[in-house]
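Take a look at the structure below.
Note that the chains are named A, B, C, D and E in the order they appear, and that numbering of residues resets to 1 at the start of each chain.
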Amino acid sequence: MNKASKKAAHKFQSIFSSGHLRRHHRKPPGQVPGTAIHTGVQRLDEVLMTVHDFDESHYDIIPIQKIEKSEPFLQNKSKTWIQIRGLHDIEKLKTVWNYFELHPLVQEDIVSTSQRPKVEHYPNAVYIVLRMIKQHEGDNGNYNVQTEQISIVLGDNYVLSFQESDEPIFDPILKRLELTTTRLRKFGPDYLAYALADNIVDHYFYALDVINENIEKIEEEILDDPREEQLQKIHALRRDLIFFRKSVWSLRDGINSLIRDDLPLISTEVKVFLRDLYDHIVQVVDSMETNREMVFGLYDMYMSGLSNRMNEVMKVLTIIATIFIPLTFIAGIYGMNFNSEVSPYNLPELNWYFGYPFSLGLMVLLTGGMIYYFKRKSWF
Amino acid sequence: MNKASKKAAHKFQSIFSSGHLRRHHRKPPGQVPGTAIHTGVQRLDEVLMTVHDFDESHYDIIPIQKIEKSEPFLQNKSKTWIQIRGLHDIEKLKTVWNYFELHPLVQEDIVSTSQRPKVEHYPNAVYIVLRMIKQHEGDNGNYNVQTEQISIVLGDNYVLSFQESDEPIFDPILKRLELTTTRLRKFGPDYLAYALADNIVDHYFYALDVINENIEKIEEEILDDPREEQLQKIHALRRDLIFFRKSVWSLRDGINSLIRDDLPLISTEVKVFLRDLYDHIVQVVDSMETNREMVFGLYDMYMSGLSNRMNEVMKVLTIIATIFIPLTFIAGIYGMNFNSEVSPYNLPELNWYFGYPFSLGLMVLLTGGMIYYFKRKSWF
Amino acid sequence: MNKASKKAAHKFQSIFSSGHLRRHHRKPPGQVPGTAIHTGVQRLDEVLMTVHDFDESHYDIIPIQKIEKSEPFLQNKSKTWIQIRGLHDIEKLKTVWNYFELHPLVQEDIVSTSQRPKVEHYPNAVYIVLRMIKQHEGDNGNYNVQTEQISIVLGDNYVLSFQESDEPIFDPILKRLELTTTRLRKFGPDYLAYALADNIVDHYFYALDVINENIEKIEEEILDDPREEQLQKIHALRRDLIFFRKSVWSLRDGINSLIRDDLPLISTEVKVFLRDLYDHIVQVVDSMETNREMVFGLYDMYMSGLSNRMNEVMKVLTIIATIFIPLTFIAGIYGMNFNSEVSPYNLPELNWYFGYPFSLGLMVLLTGGMIYYFKRKSWF
Amino acid sequence: MNKASKKAAHKFQSIFSSGHLRRHHRKPPGQVPGTAIHTGVQRLDEVLMTVHDFDESHYDIIPIQKIEKSEPFLQNKSKTWIQIRGLHDIEKLKTVWNYFELHPLVQEDIVSTSQRPKVEHYPNAVYIVLRMIKQHEGDNGNYNVQTEQISIVLGDNYVLSFQESDEPIFDPILKRLELTTTRLRKFGPDYLAYALADNIVDHYFYALDVINENIEKIEEEILDDPREEQLQKIHALRRDLIFFRKSVWSLRDGINSLIRDDLPLISTEVKVFLRDLYDHIVQVVDSMETNREMVFGLYDMYMSGLSNRMNEVMKVLTIIATIFIPLTFIAGIYGMNFNSEVSPYNLPELNWYFGYPFSLGLMVLLTGGMIYYFKRKSWF
Amino acid sequence: MNKASKKAAHKFQSIFSSGHLRRHHRKPPGQVPGTAIHTGVQRLDEVLMTVHDFDESHYDIIPIQKIEKSEPFLQNKSKTWIQIRGLHDIEKLKTVWNYFELHPLVQEDIVSTSQRPKVEHYPNAVYIVLRMIKQHEGDNGNYNVQTEQISIVLGDNYVLSFQESDEPIFDPILKRLELTTTRLRKFGPDYLAYALADNIVDHYFYALDVINENIEKIEEEILDDPREEQLQKIHALRRDLIFFRKSVWSLRDGINSLIRDDLPLISTEVKVFLRDLYDHIVQVVDSMETNREMVFGLYDMYMSGLSNRMNEVMKVLTIIATIFIPLTFIAGIYGMNFNSEVSPYNLPELNWYFGYPFSLGLMVLLTGGMIYYFKRKSWF
């Protein structure tokens, strides 16, 4: 492989490359379970905390510096969502966690940002981990996919959300909150938690579309001309699908447990919506399985494309060699230096009147025979 | 690949190509759950609504413009089926949905036309999504397969059906309704809902037949001569089976839940028929799995067909080269210009009386030896 | 592929070829569920009905023309088996079905002769569908396998059996019925139904033996010399195993339901025998899975056999070409026409006293070197 | 393939070859269920019966001719194990079976010696089928594996064991019985039945070791030089693992049912030991799965070894041909006979003073260029 | 393969090589179940026993020679952990086992050091087997992985831990015990047992990292240049993953049983932590599955890399041969010795004034045509 194609190899990296495990942030073994250590990267200068307080009659947005400032909103009867962005300042986060008496293991998972998605039930709260997968259209029409761990804690009258960046992932929710007649304003905090999760799952369909498009593009390229480049693209797709599956798969059972189990924090009305969310996740998982099979198919196509080309190359060589080697042999015969003067048996053709035309005729005959043979084998 | 075969590639596209996801109609993420947005294509000028009112004594067909016109038919004791065709006019559909108090999530799914098949239970209704797969025989004997999402809502005394086009998929049911002694006229709306679903599943067997025929055709072609064209056909078959599976697979569990669960809307008598429907779906799913394995087998056959041909090509080259290269060498020997005059050791054969015949004899011997060798290796 | 090998391809068709779905008999979609239409082929001139009436003291065989003739045998206390052969005359069969009040769906399945095996429970009867797979030794030592759908209906005091042909599949049962001391005469109709099914499952082991033998034969042939013919045999085996699996697989769950469920028609004593039948079916299914893996192994052997041969072919070509091309080059050198008279540097070897022996020695040296090289690479 | 390698093929047969199904002993279909027909081979002259009677205070071994002779030992309070060797004499076995009132289906399975392993519960007994797999070290260091079906019947105060040969499989148990303080003497017959089964399962680990060693040996051979011989060894390993799995797999569920079900014949104390046996079986099954994957890996290594060698062969050919064909062309040019006397344009090089050195220089240059090219492609 | 690459093969052995089964320590079959025989290697001179006695107010470490010395610590109310290192001295271990009345089967498993991981419930204790997998960074930056079986016995007021070496695996726990405010000091022995297991599972993530890094390294190497060396690395990775999976897989169900079952020895508070441990194990198992698929992908990449290179080699050969063979033929034609003096038809070109330039022109034309052909096929 030359340098040019090597560069190409780097260009076709996984679309989910930002989601790879960063081993340098791995915690040392034997740590106290529940030790909160941020294993991601710092993306914000400081931890941002915003209180969203709302019911059917009002909706207020209050940025706060200290968690104690949320006290009045939690005391009143309206629903309260505290949105926390930035996971690097453990000290500040600890004030939040202690205020809401979150279990140490929940604290640990919130800042360990490569959890698989899951739903955990605690006596006073439900803890949900999801992976946001958000696609941005890049300069050259390529897609850039960003992933981030989102944690949602659902209590009896509040919802907490934790994320590393201030990526405006929840903007559609904020807009819907401003409308007075929405279910968000009417229903309890369980519906808000559902809406946040649903919003994240909605993005998965877009990631699927990017993968689908890539599969179709590579398919066309392979049909046109199978090159090493495509193999690398296939390998990257395979890695993407593996990462994607890890990010979604286990969420299915988590959401199912919210529907099946008899939890005081989840109302029957919201369960109908959770069933819809479950349905979406199953659809995503199904499509991933489907895409996985398509990618296996791409590999098979690539390999047989290679074999086909090899066959063609070999045919060209065989046709040329099979036609010209015998001809060269005949020319070699009449290039021999047997002394035709000492005997009438030594290359008498050399002295025939039509010796040269005779030899050419011999060659034309042989060539014709070969061409007929190849035609019959339909090698042309 | 030249242009001709490229065109061929386009000719062998999936038979289910019309069923691909149309990403341009994808809803933006973060929408209010239950927001009804039509994600398919408009196939009719306006939404058509037809009331079928029937019991053992009568059967009336009444096209209506406003859903309120169905009031008298719903009030009387006879069974009522309202058939709605056209899913693009959300406003008009909303009048129907509100009239029957359908859950917003049901409303959303009716017009999101790439749902996986499913059965959902609501307090006042059962919601069934199916995918119609209907085959038309095209001009040149090829098959053209059309797919469309069909939604069925079963209430206590009514059945609603929703479809995008006015494809006459339910014509056999209409004909059966005209006969007074059929179970359709005698049994409740649950039997009608079953009959509509059964009618759709019946078509799956025909789609299976098309796939089966394609597999057999490709099998024969590969045995005859494995060409790149077949590989593309195999790939298209693979894609078709994946799409087909997605369209049927989850229906199995849905129908099973109707049989197992204790639903007031489904009578025991109809459950026996639902068991038969379940049996049909299992048969379809089994055959799809079987076909999938046959398609894997086709690929293996194709690859070993290629290998076989490569072997043959190489044998031809090897035989020709192995026979003629040594002959050409001998001719080369006697084409050397050593001066036989300065020494009796310099190519004395050139001056022998039978020099030329001797050299030809040498060549014949060598050729004979080679041919014997190849015969023993049974390369001919 | 030439015509000869094409014919060969046809000779190695599946042993179960008669079991393929006949699509021309496919029922049109949208039919009334329970519409009995014969989808097989007519194999008898008319429908044959035979009453077998027996208890511990007697055994009578009475051919009847009308089903009403069986009335007295059904009324008395002895057990009654009505054997019906021929499924083409729906009118006549309807008299039987109506007499025993069989559910329309059972009627439909009896004459739809490509059902997957199953066991269905109705209030008044158990309906069992099985596929007979019977092997006949053909003229040339090859096996010919015949398959046919057998339906068994078990009522409280009767057993009905339906089959398309008059193939004497139940002869061993008839012989055992003639003996007074057998369990068949002593036990109830549930034991008879079991015995009929057990008799069919017994034949599966023979079909497995045929497949096993074929696998071993192909294995030896591939070890001897992998030819395209074997690939086709492997493909046929694969198809056979798929068909076989479809014919047996789902029977397992059916028989299991007879053992586990609390059915009034099945006595505890017979359940022990059904457990044995279940055990046999599991053994057949296990062996099929085993055979499937062996067939995958055959394919792998075939492919690496091809690769091995390719390697050998290429080695022959490479050895010949690598030895003779350099020799021909040396001969070419001394065949050049440089004028040795104008300069002592122009091919002085041509005028050496030992010029020709020198050139031959050069060639021998080169050949020796090459042979040493190939020996060291152990290519011989 | 020549004869030598064919012989080699026969040498590398499965180590479990003696376990293959013998179809000539297959029972005819339609037999009365429970018909005892010996489907194995006769290995002893007559059926040997030995009574082992023991409790904490005594242990007696009494060979008997008639089963009635065991009466006193069964009547007394001590535990009794009757060891029966030889399965060919159905008449004699029938006296035993009738004495202990074994179910006809148990009788049938005892002498049908290719049962899959299983555990069956009857009102008065538990019936256990196992496959002994015992390894003998052969002359040339190779292993020879013998397999045999062992049946164990556990009654309330007795254990029966049935085997075909007098292979001393139970010798370790006999030795342990001689010690007064062992659990065997203290515990009930359920512990003896467990000990017999455990003794058989112990041998599976040794068979696994043989397979493991074979895998490692073949791995090294393939790394050294992939030859057709190894492919046959891989195929034999695959067959061995399939046979081994069939012999062990279903035992797992059988033993589990003894632990889970509430059986009067199995005491709680013995269940702890059965759990250990279950654990061993799971370990064997796990290792088999592991070995299966290793064997797939061997095949992949073999195939890529072949490809690697092919690549090397092709490189040698290409290097030689690519260097010498152009050289031969140059030699051919200067071997042409254009008449340099009629024109200064006709091969003037032939008459140059340094014509020959010039042509040789041309050749050296070309060769140098080629070698540089191949070096850069790192083909050397 | 030459010696150099053979050595290389030995260098790329599995990173888990020390974990291979040592068959020489296999126990003979038929042993009394519960016979304790050490199947590992002796790593310490003598068995070391250390008592860790602690509660919220104190933490003492007391090395003891005789197990009876632990009596006072077991009698008092504080929690007691007895750490035992060295498994070769069965006699000494027996004093411990008897003192705590461990079941003989537990005794056996403690010293049989190739158990699969498991959790077993006994009336007075819970027995947990784990496999420590600990990585050391070697001299040359390579990783060295050490594995060892760890047994943990949890009683009502004590924990026993058994290991073969004095590898300081539990050092982080010892450090945490020194802090007064930790949960370790506050909670019961069940929490200590959990902490020991959690400490071991923590190390698995590091082993995963090593495997991940290897996969990425090999991926880059294959993209750069697929050599036989990589194939051996892939094979070693495959073996490592198989070993790793065996070491972790079954632990999942074991820990799950501790959470689900109602055990008096495990408090509800600790179950929350066990759920976290379970979550970690699932994450490890998921990653292993993911890695397994990546390794399959590596193999596919390697194989198609080989095919790609073969294609390139063949193209070079074909281009050279296809260009020069026809040229050599033309040179051969004009090297023929037909006597142009006896006839104007015999090679008149030889006497043309521009004969030689004409022949060279012919060759240039042919070469140009070939180059155009290859360009159009884009072989350059």
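Assume contacts are C-beta pairs under 8 Å (C-beta built on N, C-alpha and C of every residue); 3 or more make two chains touch, one makes a residue touch a chain.
No experiment lies behind these values; they were computed from the predicted model shown.
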{"item": "Distance between chain centroids, defined by C-alpha means - chain D, chain E (Å)", "value": "26"}
{"item": "Rounded Å distance between chain B and chain D, as computed from the means of their C-alpha atoms", "value": "41"}
{"item": "Touching two or more other chains - residues of chain E", "value": "225, 303, 307, 310, 314, 317, 321, 325, 328, 332, 335-337, 347"}
{"item": "Touch-based graph of the chains, sorted into line, ring, star, complete or other", "value": "ring"}
{"item": "Order of the ring members, counted from chain C so that chain D is second", "value": "C, D, E, A, B"}
{"item": "Complex contact set, residues of chain C against chain B", "value": "1, 6, 9, 21, 23, 26-33, 103, 105, 115-116, 118, 120, 122, 225, 228, 231-232, 235, 238-239, 242, 246, 250, 299, 302-303, 306-307, 309-310, 313-314, 316-317, 320-321, 324-325, 327-328, 331-332, 334-337, 347, 349-357, 359"}
{"item": "Interface residues, chain C side, partner chain D - complex", "value": "170-173, 176, 182-183, 195, 198-199, 202-203, 205-206, 209, 212-213, 219, 223-225, 272-273, 275-276, 279, 282-283, 286, 290, 293-294, 297, 300-301, 303-305, 307-308, 310-311, 314-315, 317-318, 321-322, 325-326, 328-329, 332-333, 335-339, 342-343, 345-347, 378-379"}
